[in-house]
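Step one of this worksheet: look at the structure below.
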Amino acid sequence: MLPILPSIKYFIETALTEDIQTGDITTNAIITENSQSIAKVIAGENIILCGIDILKEVFHSLNQSIEFQEIYRDGNKVSCGEGIIELSGDTRSLLIGERVGLNILQRLSGIATLTAKYVELTEGYKAEIIDTRKTTPLWMGMERYAVRCGGGKNHRSGLSGGVLIKDNHIKAVGSIRKAIKRIKKNIAGMVKIEVEVGNLKGVGEALDSGAEVIMLDNMSIPEIKEAVKLINGRVVVEASGGIDMESVVEVAKTGVDCISVGALTHSAPAVDISMEMG
Amino acid sequence: MLPILPSIKYFIETALTEDIQTGDITTNAIITENSQSIAKVIAGENIILCGIDILKEVFHSLNQSIEFQEIYRDGNKVSCGEGIIELSGDTRSLLIGERVGLNILQRLSGIATLTAKYVELTEGYKAEIIDTRKTTPLWMGMERYAVRCGGGKNHRSGLSGGVLIKDNHIKAVGSIRKAIKRIKKNIAGMVKIEVEVGNLKGVGEALDSGAEVIMLDNMSIPEIKEAVKLINGRVVVEASGGIDMESVVEVAKTGVDCISVGALTHSAPAVDISMEMG
Amino acid sequence: MLPILPSIKYFIETALTEDIQTGDITTNAIITENSQSIAKVIAGENIILCGIDILKEVFHSLNQSIEFQEIYRDGNKVSCGEGIIELSGDTRSLLIGERVGLNILQRLSGIATLTAKYVELTEGYKAEIIDTRKTTPLWMGMERYAVRCGGGKNHRSGLSGGVLIKDNHIKAVGSIRKAIKRIKKNIAGMVKIEVEVGNLKGVGEALDSGAEVIMLDNMSIPEIKEAVKLINGRVVVEASGGIDMESVVEVAKTGVDCISVGALTHSAPAVDISMEMG
Amino acid sequence: MLPILPSIKYFIETALTEDIQTGDITTNAIITENSQSIAKVIAGENIILCGIDILKEVFHSLNQSIEFQEIYRDGNKVSCGEGIIELSGDTRSLLIGERVGLNILQRLSGIATLTAKYVELTEGYKAEIIDTRKTTPLWMGMERYAVRCGGGKNHRSGLSGGVLIKDNHIKAVGSIRKAIKRIKKNIAGMVKIEVEVGNLKGVGEALDSGAEVIMLDNMSIPEIKEAVKLINGRVVVEASGGIDMESVVEVAKTGVDCISVGALTHSAPAVDISMEMG
Amino acid sequence: MLPILPSIKYFIETALTEDIQTGDITTNAIITENSQSIAKVIAGENIILCGIDILKEVFHSLNQSIEFQEIYRDGNKVSCGEGIIELSGDTRSLLIGERVGLNILQRLSGIATLTAKYVELTEGYKAEIIDTRKTTPLWMGMERYAVRCGGGKNHRSGLSGGVLIKDNHIKAVGSIRKAIKRIKKNIAGMVKIEVEVGNLKGVGEALDSGAEVIMLDNMSIPEIKEAVKLINGRVVVEASGGIDMESVVEVAKTGVDCISVGALTHSAPAVDISMEMG
Amino acid sequence: MLPILPSIKYFIETALTEDIQTGDITTNAIITENSQSIAKVIAGENIILCGIDILKEVFHSLNQSIEFQEIYRDGNKVSCGEGIIELSGDTRSLLIGERVGLNILQRLSGIATLTAKYVELTEGYKAEIIDTRKTTPLWMGMERYAVRCGGGKNHRSGLSGGVLIKDNHIKAVGSIRKAIKRIKKNIAGMVKIEVEVGNLKGVGEALDSGAEVIMLDNMSIPEIKEAVKLINGRVVVEASGGIDMESVVEVAKTGVDCISVGALTHSAPAVDISMEMG
């Protein structure tokens, strides 16, 4: 379950305002004021559901009296053609909220569904599928949640949520060693220190300097294997960079702890979900 | 050019806050306060560029003194490996804004690039490629712009921006005729009246009742052809529903005026763009 | 009924904050914490009511437990001296919300009442009374609704909601013909193309170039008549420019489709409504 | 001069977003990107100007490079036909901001112009023309300023800005005496205590109980005269309630200190101001 | 009781977002979704309670179904070890809201508790303990309320809520006399005119010029005594400037009407309050 | 240096609005429009400065043309009586922004100054002084920065920024072991797992279960010593709970890695800073 935090309420209200503008001129003209209807939200393909509580909040933001009959919950598999939730109440509100509600549900379920495919492919391996900071701006919290609904896990929560020394940081200061030294001088031991490395030499330097997570960036399968061996369980190992459904199993076989996949959030296609009035 | 309207400034500020949280602990610890750098944003594949002014505003929101050397503008084709823009100034700001800036640029350019593919496929036909209301919530204005950068055009701007009588409206009131009658009773002639129909009978009824745009929803190619013949230029004809790159040419050949493609905005994959420090 | 969209809730909350500042020092000092009262909102002149649901939301924003006994609904005529709604509950909340609630109700009912006068004057003629974009900034959606409560209709919803080629656009590009050509090149046929013209020559050019609505701006009654004849029902005709209660009937007689009146929203005097504690 | 406080910047940005929605489709299609123009804002009647800095900020919110040539400043009289300010720069920005800018300028100048009429009528008398809390919600600060531009003065700034014991407060607690007693128990002597009274008996009670301002509400001219005599300069005297341009001189002659007029802000008609492209 | 105005709801939502970021990763991982608990908020020292309704709103913002059993109300004394309120409901919500709820309660109760100490010390004297504008930015309304809960009273509510002519104003214009003259020219008699003076000469000039409140700033006890004698009850007298618990009684003995203490809001230590799960 | 992130700009704008309300009636009445002044911000005691860039932004939010002459920067020691910064420009803006600017500077410098005292006391020991989540709501980012200016370091950035298993979590799930097991099942290894323990048994269990940071909560000095010995450098050790300036050295002597002090942010008294007009 995703608690509907104040930030999500605000997101929903802004989304509704963006779409409704000064009012739904079609619905207001055609549907009479007291009309009541039943609507069913239906999966148009096999999906992992994500966002059902947000969908409910979309309609509640428009009209507190809409009622819901949940059929599936977030994280559930829903087969093509199955109903997800039934809504009943004021017809105008159902029609006005439909597009925003579905836009959110289709996108988050798209992420959960794609994540689940990666997770399924790597079942049996130690490697966890994790997200990146390549989220859709203004959707970060919801997209991180969608990844979890799909069985994935989350990377650090943002720029305050952990240390990640990237290529550009290392360039700027000269070496991994110096970068970590500066981190240790300025930051208490409450967050992990991760370093992005591109080769085995980097792995060695990161280990020696006190890195607690090592991200193997765009390294070949043999190199990753070598790195895993070298690290030998002393720190967490993350594989990253252009890993897709074709390559993910090979990466998992190397024994890394985590595989991060940017596409989970930046390129997951929306799944097909629609709403039918009863 | 997309003017940076107040709503876009606010979008950018919220996006930065979401990612930066209380500060970039890595960058603040490693990079010294007065460090200056040059960075280049580079296309990792062939793209149609969209969002360059937003990217600039992202960095200006962090630091007014960042300077830019534009190489390409929105709507331009950029080939894999080419530079898009050069940034110079405060190193910390460059590193802190990188991810948010790229997330926006990659997503909007993804939409422009996908749209351009549809537009190219249908070149020589009358049909225009248009978007739908299946946009990413909170991104509507920017995504509509991205579609234009890709050579597409926009559908109505939201629920106040035009009348679109959909299936559920018709069901609720009983017939197309009645729905249009109510519209005409309540709405002045300043906006077009579009009706969604699923078969030729609906086309006829819509025409007779005074529809000004007819959306042929999920109809077969032969039916669409028949409908175009029947309508005979009297009103605008839009084909809609599950049209993809494989089917779009066949649809264009039918002679419709517009082809709306939801995937332009709800499922365009992000394109590959990165930033390299000089 | 006006659904209380998120944007209206936000409007109300901002209005309350603006007036209450850090608290109503008079009420908090004089009225004891648990005091309960009944209050009646009363019309001080004959009005067309508009804004009753917003008034309720004002008090609910302060205190969810206030109860209402509605006597009239939006769009109703209320005679001088009649009660509009009864409120009961926490005395402090009733006193604190009174001024903001009445300020909104008096303004919106003022617009509805003025609109109704124009509508009544033109009864029996084809012409519809419509509003303009001369609304009070931050009140656009509510004022458009007030116009509808008074029996008027709405013009386009804003700058995205339709094409309106004005004098300044034509000047900039050289001719009506060129302006419409550019529009057709850039905009799909989903919105109407309206052109503002100041004389019969303009009417002809607009017709020839494919305008779908023609606004006759500040033209004399004989000219308007001539224009209506020339247009002959082929496109929608709007009369505009300084039309007031003295001239509106003469304009209606010309046979135009719409008469737009900026004063409906920019100069409607507030009507007299007060609240009396029982 | 009105300093453009953060709250006014926010007001302007919201007003622009409300009108522009996802973009000015007419202007973007017709006007080329680099087009430059000059525009002149012109009074269409004799006015007292108010809001010129806000108008400038409207255009600067859209485009920092717009330049201004001021001809008149807030508080100045501008005669029908005279220019108020010249703008030069990006044509698109001029056209996109025109309506919002004028809507604000016309409304605020309307208030200043109406206020100036009341002030002129009462010239030579001691009485000051003051506003009330019957302002347009979300416009309070700007409207108070407009009243000052017209030569009027302001009442308390909101519910925290002073004590005003009204009819409903007195009813709730039983008597003027008791109401003032509670105020003195709870509130330090930093704000004035004003009491609304409807007859001479109330005046006496208010005086005896320590009121510092007495509002004579809807009292007849002879009664007001009597009250002024009774009060004899010991406290500030405000006349209030339905005072209009016909009655204001008679009220001023009674010797009251202030005359509050709700219509200044709730019913001032917008003045005629337009923008012409050069 | 503090009514939970819209501005306070917004404060709470922002505070929760600030702390929760994209979610409480600890609680979400450990506590199961339907877990229910009881929690008790307990005073860790003797306090004057302030903020109990805000605490409730914090939890209600997260979860409408949390229930409360109040033991003490704002303004009450609570002894070390006593329970203040019991909460029951969804365990996750209780844990997620705990820190924000307590941070607010501890701070406001800290202000109330400190204020009460000053009030107690000066019991029996005419002098009232009042706050200043040295409040914590974004907390002004709540801190003014906390001062009242502790038995203190409030100074003007902000820069619109009264006239306070300070040293820097006097310097800028040349003399107290001139400053007051300008005030009287521009401001109606609805707000009090307070002047800050540093010596007896200033007191005399302020009195002669029509000041209604005189602030004796950083004057010695003998000087204050002299000033009180000189003023002789004609206007309100406020003592101000570095008054602490050691000096406050001596100041009260001089006969001033009000003693303002900045430390009430800018330096009150948080009191010890904790939450224990049952 | 604290970059003025969008969230801080928004904080400043809200703070100014809160204080200024509809305008500074005193300053606007007394100071003429074009008056220019110089002002100096001066330390009234020995301080560690924090917030100078925020102070500048406060004045720039009011008036872009104010100019600054910096004397000290954040983190610097400033002695009683020394100038911190000189401001020059529009007199009204200087007076209107003074209180908000100083309120922020005094509070943040108060935190930096208090932190520096703790840091100085523990100089020579390994222990770092760190903050807690007991920050002032809506000030979190700025207060964390103030702690760093005083030489302290930061704990996790909020509820997403790390795992901290507290007493209440352990109670809810039964044991430290179970709590950590659930964490490991749900959370990737990108954040540290900290556990709060109250005795040596807890320390052992935490170590065995895979804790990466152990918080010794309210343990006696001998117990802490024992715990440090037991842990023997394998994980980070934090001492917490009621540690003040009297006890902090004894705690540091035990060899812990971090000492967290809630009072740094919840009870630091504001330091004395004032502004003098030249």
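List of remarks:
Labels for the chains are A, B, C, D, E and F, by order of writing; each one numbers its residues from 1.
Quick note on the criterion: a contact is a pair of C-beta atoms (placed from the backbone, for glycine too) under 8 Å apart; a residue touches a chain by one contact, two chains touch by 3 or more.
On a predicted model such as this, the values are computed, not experimentally measured, just so you know.
Using the mean of the Cα atoms as each chain's centre, the chain most removed from subunit B is E. Averaging Cα atoms per chain gives one point for each, and the point farthest from that of subunit A is the centre of D. For the pair subunit E and subunit F, the distance between mean C-alpha positions equals 22 Å.
Centroids built from CA atoms put subunit D at 43 Å from subunit B.
Chain centres here are Cα averages; for subunit A and subunit D they lie 50 Å apart.
If you average the CA atoms of subunit A and of subunit F, the two centres end up 31 Å from each other.
Counting only residues that touch two or more partner chains, subunit C has 14, 20-23, 25, 96, 140-141, 154, 157-158, 160-162, 186-187, 191. Residues 128, 130, 148, 153-158, 160-162, 186-192, 194, 213, 236, 238, 257-258 of subunit E touch subunit D in their complex. Per the touch definition, subunit D reaches subunit F in the complex via residues 1, 3, 5-7, 9-10, 140-141, 144-145, 154, 157-158, 161. Residue ranges of subunit F in contact with subunit E, taken from their complex: 11, 14-15, 18-31, 35, 37, 91, 95-96, 98-100, 103-104, 106-107, 110, 133-141, 157-166, 168-169, 171-173, 179, 182-183, 185-187, 191, 263, 266-267, 269-270, 275-277.
If you check the complex, the residues on subunit F that touch subunit D are 12-14, 16-17, 20-23, 25, 33, 61-63, 92-93, 96.
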